[in-house]
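Presented sequentially are two complexes of chain A, the first with chain B as partner and the second with chain C.
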Partner chain A sequence: MSKVLLGIDVGSISTKGVVIDPEFRVLASSYLRTQGSPIKSIKLLLRELGRQMDGKAVIAGAGTTGSARRLAGVVVQADIVKNEIIAHAVAAGQYYPEACTVLEIGGQDSKIIILRDGIPVDFAMNTVCAAGTGSFLDHQAARLSIPIEQFGDMALKAESRVNIAGRCTVFAESDMIHKAQLGIATNDIIAGLCDAIVRNYMNTVARGKDIRPKILFQGGVAANVGVRSAFERTLEQKVVVPEHFLVMGAIGAAILAGEETEGRESRFAGFETADVAFETRAFECDGCPNRCEVVEIVREGEVIDRYGDRCGKWSEDLSKSSQPETVSQT
Partner chain B sequence: MRVGIPRALLYYRYGKFWERYLTELGAEVVVTRKTDKVLLQKGLEYVSSEVCLPVKILAGHIADLKGRVEAVFLPRVVWLEDHLYACPKMIGIVDIARMMLGKDVKLIAPVIKGGFVLPYLAAGLSITPNPFPVVRAFSRASRELNTRTAVPEYEPGEKRVALIGHFYNLGDDYIGRSITSTFTSNGYRVCLKDELPEAVLRSRKGFARNIRWVYERELYNAFRYLADKVDGVCVVVSMGCGPDSLVAEFMREEACRRNIPFLQLVLDEHTGVAGLVTRIEAFVELAERRKAVPQAS
Partner chain C sequence: MKATFPHFGYDTYALKTFVEDLGAEVVLGPPASKRTVELGVEHSPELICMPFKITLGNLIEAMEQGADTLLMAAGARKCRFGYYHYLQEQALARLGMRYKLVPVAQYSPYAFVFQLIPSVFHVSPVRVVRAIAIMLEKSLLTQEFRVLLNRKRAVDFREAERLKKPALEMVEQARSVKAIRRARRGLDRMFSCNGSAAPGHNGRKPGLAVGLVGEIYMMIEQFANQEIEKELGRLGVEVLFERSLHHHLLHLLRLDRSYFRSQRLARRYLRECPGGEAMRTVGESIHFVERKKVDGLVHIFPFTCMPENIALEALQQLSEDSGVPVLSLSFDEHTSRTGLLTRLEAFVDLLKRKKRVQGSSRN
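After this line comes the complex of A and B, so read on.
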C-alpha cells in the first residue's frame, strides 16, 4: 500500500480536508461547512475522506491548520499543527514555484502572502475587521436570495459598475439597499460589491505590499469569478485561481506533515476517529478577575486537552498529569 | 491622605517615582491592581469606543479607585523638552478622570509643559503645605527616575526580535504578555525600547527630528537603534492611535527598504490572543525560511 499524507484545514466557515500522494497529487478532498461545530465537521470530514480512500493507502503523516487547528490537531492526533499563513504559502510554492503573490480570502479573514523563489517572505492579515470576507458575501447573497454560486457570474453580466462603499460591511449593505431602491440592476450592484471587496482588500490587507506576478487567488472567495475579475482589473495582471483553490490550506498542512514525519511513524489516530465520542466543555475560571474561558476537549470521557487560560493554570496542570501523547495510545 | 494611582499609561514609565514621591510626602498610596478583564470592562463603560485601548484601560483603573481614596494622582503631560508633545488623548485623560471622579475626590494633576520639577513641587504642596519636606521628598524620589546610560549587550548567535511599542502597552501584562511570551517560546530574545538608554531614545538625529510626539520619537529611535541588531521587527500599536499609525508606516517603509522582516500588530479590546499568536508564529517562521535562502531580489 502506498503512503499518503492527510491535511485538514478547519476555518470559521468551512472545514477542508485532503489526502495527497508523495508527489503532492490530490487523491481525495472534501469541503464542508463548519456550521458552528468544528468537532462534528472534523468527524464528517474524516468519514468522507476515509470513504474516498477506501482503505487503499496508509496515512504517513497528518497536519492541521486553520483557526481551529489546535482542536483539530488534538482530535485527529496530528503530527503537525501549523498556522494557515504558512500552510497556504507552502501549498502555493509547491504547485506554482514561480508564484510571487498569494491573495487569499476565506470566510472570516483575508491575507496576502508574498513569495520570492518559492519562499514566503512577507504577509499581512486583516486586522480587527472582517469586512469584505466570505461570510459577508454569503450574507449579501442570502439577503438578495441569490445562491452564492451564481454571484460571480451575475457580476460578470453587469452592464455598468456602481460604486459601493466597501470599508465597512454595515455601510456597504445600506449602500447596496439604497442603490437597489433607486432601481439599479442587481447585476450592477453585485459587480459594484465585488469591486468594493477588492478595493477594501487593496487598501487594508495589501497596502504597501510589493505585488508581482505570478498572482494566485486562493480560499473560498476565489470561487467567485466576479471578485477575481475585479482583482484582475485593479491589478492589471492576470490572476490565477489554482485547481484546488478551496483546499490549498489543507494541502499545505499535508505537505508540512510529510516533512515533519520524515523518518518516523505518524501519530494519526485513523479515519475511525470519526466514530469516537468527543465532547468539548467550556467553563469560566474564577481564579482571578480575568475570568478566562477555559476549553476542555474530552475523548470518551477523558480530558485530553485544555486551553484558553491566560496564566496556564489549567493547561499546564493537564500536561503534567496526562500527556495527550499517552492518551492517544489507549 | 489616601492617594490613588491608576496602574495604567504613564504609570509604566514614572510609576516608581510617583509612588516614592507621594510616600515620602506622607501620603498613603494606593496603586490599582494589575489590569484584568474586570477593570477593562469597567473602563469600557466610561469612555467612548473611539479612544485607544490603553485609555480605556486607564478609565477602568480610575473607576476602580472611586470610593477608595481621597485623592487621585494623575499628571497631565502636555509636552516635554524640545516641545515634543504627548498625544491628545494622553493630555485629555485628566478631564476624563475629573468627569468620572466627581467633586468628592481630589484630583492632583500637575501639568507638565517642558520642565517637570516645578509642577511636581507644586503638586506636593497640595499634600503637605510645608515646602521643605516637599523638596526633600522630590529629591529622594528622583532617584527612581530612569537614568539608564548603558546599552544592553547582545550575545552573538542568539535569535532576537525588536518589539517596538509603548511602555504602557508592552508593560501591561494583560496586553503585552501573550506577545512577548509567544516570541520567547519560539526561542527569540525580545529587545524592548525601554531597555535602551535615554540618550538613544531622545536622539534628534535624522528623521527622528521631524517627529514631534515625544513617545513616538522614542519608538522610532529604538527602531533605528535595534534594526540592524535583530532578525525581525514587530511593531505593536493601539487601534485608533494617530501618531503611532504614522510613525509605524515610516518604520515599515524603512524595514522594507533594508530588507528586515516586519510585522505590525494592532490592538484593541476585541483582539483575541489566538489571532496575535497566529501572526507572530507566521512571522517567526517566515523570518526563518527567509534567512535559510539568500534573497534574490
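After this line comes the complex of A and C, so read on.
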C-alpha cells in the first residue's frame, strides 16, 4: 500500500483538506464551510477524504494549519501544527519554485508572502482591519442576490469602473449603495469593488513589499476572476492562480507533515476519528485581573488540551505527551 | 507622602529604589492587567497611543491603593509623550480624587538634581545625586536580568521561567551599590549561560537571535508588548535589546555612547530626526544587523505612533539592503494575542528555514 500525506486547513470561513502522494500530487481534496463549528466540519472533512481514499493508502503523516490549527491538530492527532503563512509558502515553493510573490486572500485575513529561491524571506498579514477579504465579498454578493461564483464574471463585463471607497467595509457598502442609487450598472459597481479590494490590499498588506514575478494568487478569493484581473491591472504583471488555489494551505501542511515524520511513524488518529466525541469548553479564569478565556478540548470526557491562558497555569498543567509538537526547537 | 509611578517592566525595581532612597513611601498599583487597560481606555482620548492608556490605568490603580503623589515622566522634546501629563492630569481631575501629579521633566540634569526633586521630596541635592548613583547601578542589574533571562529562555525555556521568581527577589532586595554588584554576580551564576546565541558563541549549539527595536515603553513594559520576549524565547530565539532604563539614564546624563552611535548610523536612512526615537530605532537596527549579526529584527511600537511609522519605512529599506528580515508590529488594546503569536511563529519559521538553506549551501 502506498504512503500518503494528509493536510488540513481550518479557517474562519472554510475547512479544507487534501491527501497527497509522495510526489505531492493531489489524490483527494475537499472544501467545505466551517459554519461556526470547526469540530463538526473537521469530522465531515475526514469522512469525505476517507471516502475518496477508500482505504487505498496509509497516512504516513498528518499536518494542520489555519486559524483553528491547534484544535484540528488535537482532534486528528497531527504530526505537525503549523501557521498558515508557512503552509502557504511551502506549497507555493513546491509547485512553483520560480515564484517570488504569493498573494493570499482568505475568509477573514489577507497576506502577502515574498519568496526567493523557493523559501519565504518576508511576509505581512492584515492587522487592524479585515476590509476586502472573502467574507465581505460573500456579504455583498448575498446583499445583491448574486451567487458568489458569478461575482467575478460580472466584474469582467463592466463597461466602466466606478470608484468605491475601499478603506472600510462599512463605508464601502454605503458607497456601493449610493452608486446604485445614482443608477450605475451593477457590473460596474462590482468591478469598482474588485478594484477597491486590490487598492486596499496594496496600500496595507503589500505596502513596501518587493513584488516581483512570478506572482501567485491563492486562497478563496482567487476564485474571483474580477479580483484577479484587478490585481493584474494594478501590478501590470500576469497573476497566476494555481490549480489547487483553494487548498494550498492544506497542501503545505501535508508537505510539512512529510518532513516531520521522516523516519518515524505518524500519530494520525485515522479517518475513524470522525466518530469520536469531541467537545470544547471555554471558561474565564479568575486567578488574576487579566481574566483570560481558557479553552478546553475534551475527548470522550477527558481533557486533552487547554490554551488561551497568558500565564500558562492551565495549559502547562496537562502532560505534554498528548499534545502535538507546535514548535520544534532548533 | 505616598508616591507612585507607572510600572516600567523590570526597571520598576530600579525606579522604586530611587524613590525610596529619597525618603518617600512607594505605593505601586498592581502590575498592569486587562483591568488597567480598561481603566486607562475609559478615561483616555480615543486615538491616543497605548503607553498613555496603560500608564493612566497604572496611576488610577495606585490611587485606589492610597497613593497621593503621582510621578509621571515628562519632557516635550520627543513626541506627544511630552504632553501626556497635562492630559492625564485632566482625566484624573474628573475622577474627583485627591492627588498631586508631578511631571518629572527629564532633559535637564541640573534642574532635576537642584530644583525638581529637592522641591518635591524635601531632600538635599547631595542625596539626590546619591540616589541617582544607586539607581544607575540598579538599572544595570535589571538590564542584566533581562539579558540573562532572554538568553536562558532560548536554551531552556522551562528552567528560565522557573528561575525568574527567585532571580527577581534577588533583584528587589539588593539596595546598596555593594549589594547590587553582589546580586549581579549572583544572577550570572544562577542563569549560568555561557554567552550569547549570536552565531556560534562559546561552542554552544548556534541558535537564532533577533534584535528587538522600537518605542521605549513598548519594549520595556512586558505587559504592553504581550511578553514578546517570552514568546520569542519559547520559540527558541534569543532576544537582544538595547533600550532600557539604564541606557536612558546614561543618555540623560549625556553619557550613553550607544545613543551617539545610533544617531550616527541612522543618518544613512534618515537625514534628520522625524521625532520620537525613530533615529535610535533605525541606528540600533543597523547596529544589530551589522555588528551583532542577528538573524532578524522585530520592531514594535504603539498603533498610531508617527515617529515609529517613519522608522518602519527606513527599516524596510534596511531589510532590502541587508537581506535581514524585519517584522514590524503595532500594538493597541485591540491587538489579538492569537494574531500576534501566529506572526511570531511564522517569522521564526521563516528565519529557521532561511538559516537552514544558507547553512546547507555553505557546506
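In this section, the second predicted complex is superposed on the first by the 319 of 330 C-alpha atoms of A that agree within 3 Å, B and C clash if a C-alpha of one lies under 4 Å from a C-alpha of the other, contacts with A are read in each partner's own complex, and residues count from 1 in each chain.
Heads up, the rule we're going with is that a residue touches a chain if its C-beta (ideal position, glycine included) is under 8 Å from a C-beta of that chain, and two chains touch if they have at least 3 such contacts.
Remember, predicted model here, so these are calculated numbers, not experimental data.
**Q** Sharing chain A, do chain B and chain C clash or fit in the superposition?
**A** Verdict on chain A: clash between chain B and chain C.
**Q** Output check: A:L235 vs chain B and chain C. Expected answer is one of first, second, both, neither. What do you get?
**A** neither
**Q** If you stack the two complexes on chain A, which partner ends up touching A:I148: first (chain B), second (chain C), both, or neither?
**A** A:I148 contacts neither chain B nor chain C.
**Q** Give one of first, second, both or neither to describe whether A:E84 is in contact with chain B, with chain C, with both, or with none.
**A** Both partners, chain B and chain C.
**Q** State whether A:V225 touches chain B only (first), chain C only (second), both chains, or neither.
**A** neither
**Q** Looking at A:C288 after the superposition, I want to know if it touches chain B, chain C, both of them or none. Which is it: first, second, both, neither?
**A** both
**Q** Examine A:D122 and indicate which partner it touches, taking first as chain B and second as chain C; both and neither are also allowed.
**A** It touches chain B and chain C both.
**Q** For A:I184, using the defined touch cut-off, is the partner it touches chain B, chain C, both, or neither? Pick first, second, both or neither.
**A** A:I184: touches no partner chain.
**Q** Let me check the overlay on chain A: which residues of chain A are in contact with chain B and also with chain C?
**A** 67, 83-86, 89, 117, 119-123, 125, 127-128, 208, 210, 288-291, 310
**Q** Per the contact definition, I'd like the list of chain B residues that touch chain A in the complex.
**A** 33, 36-39, 174, 177-178, 239, 249, 252-253, 256, 261-262, 266, 268, 270-271, 273-275, 278-279, 281-283, 285-286, 289-290, 292-293, 295-297
**Q** Going by the contact rule set out above, which residues of chain A touch chain B in the complex?
**A** 67, 83-86, 89, 116-117, 119-123, 125, 127-128, 208, 210, 288-291, 310
**Q** Would you tell me which residues of chain C are touching chain A in their complex?
**A** For this pair, the touching residues of chain C are 30, 33-36, 161, 205, 207-208, 226-227, 234-236, 303, 312-313, 316, 319-320, 323, 325, 330, 332, 334, 337-339, 342-343, 345-350, 352-355, 357.
**Q** Considering only the defined contacts, which chain A positions touch chain C in the complex?
**A** It is residues 67, 82-86, 89, 117, 119-123, 125, 127-128, 208, 210, 288-291, 310, 312, 326-327, 329-330 of chain A that touch chain C.
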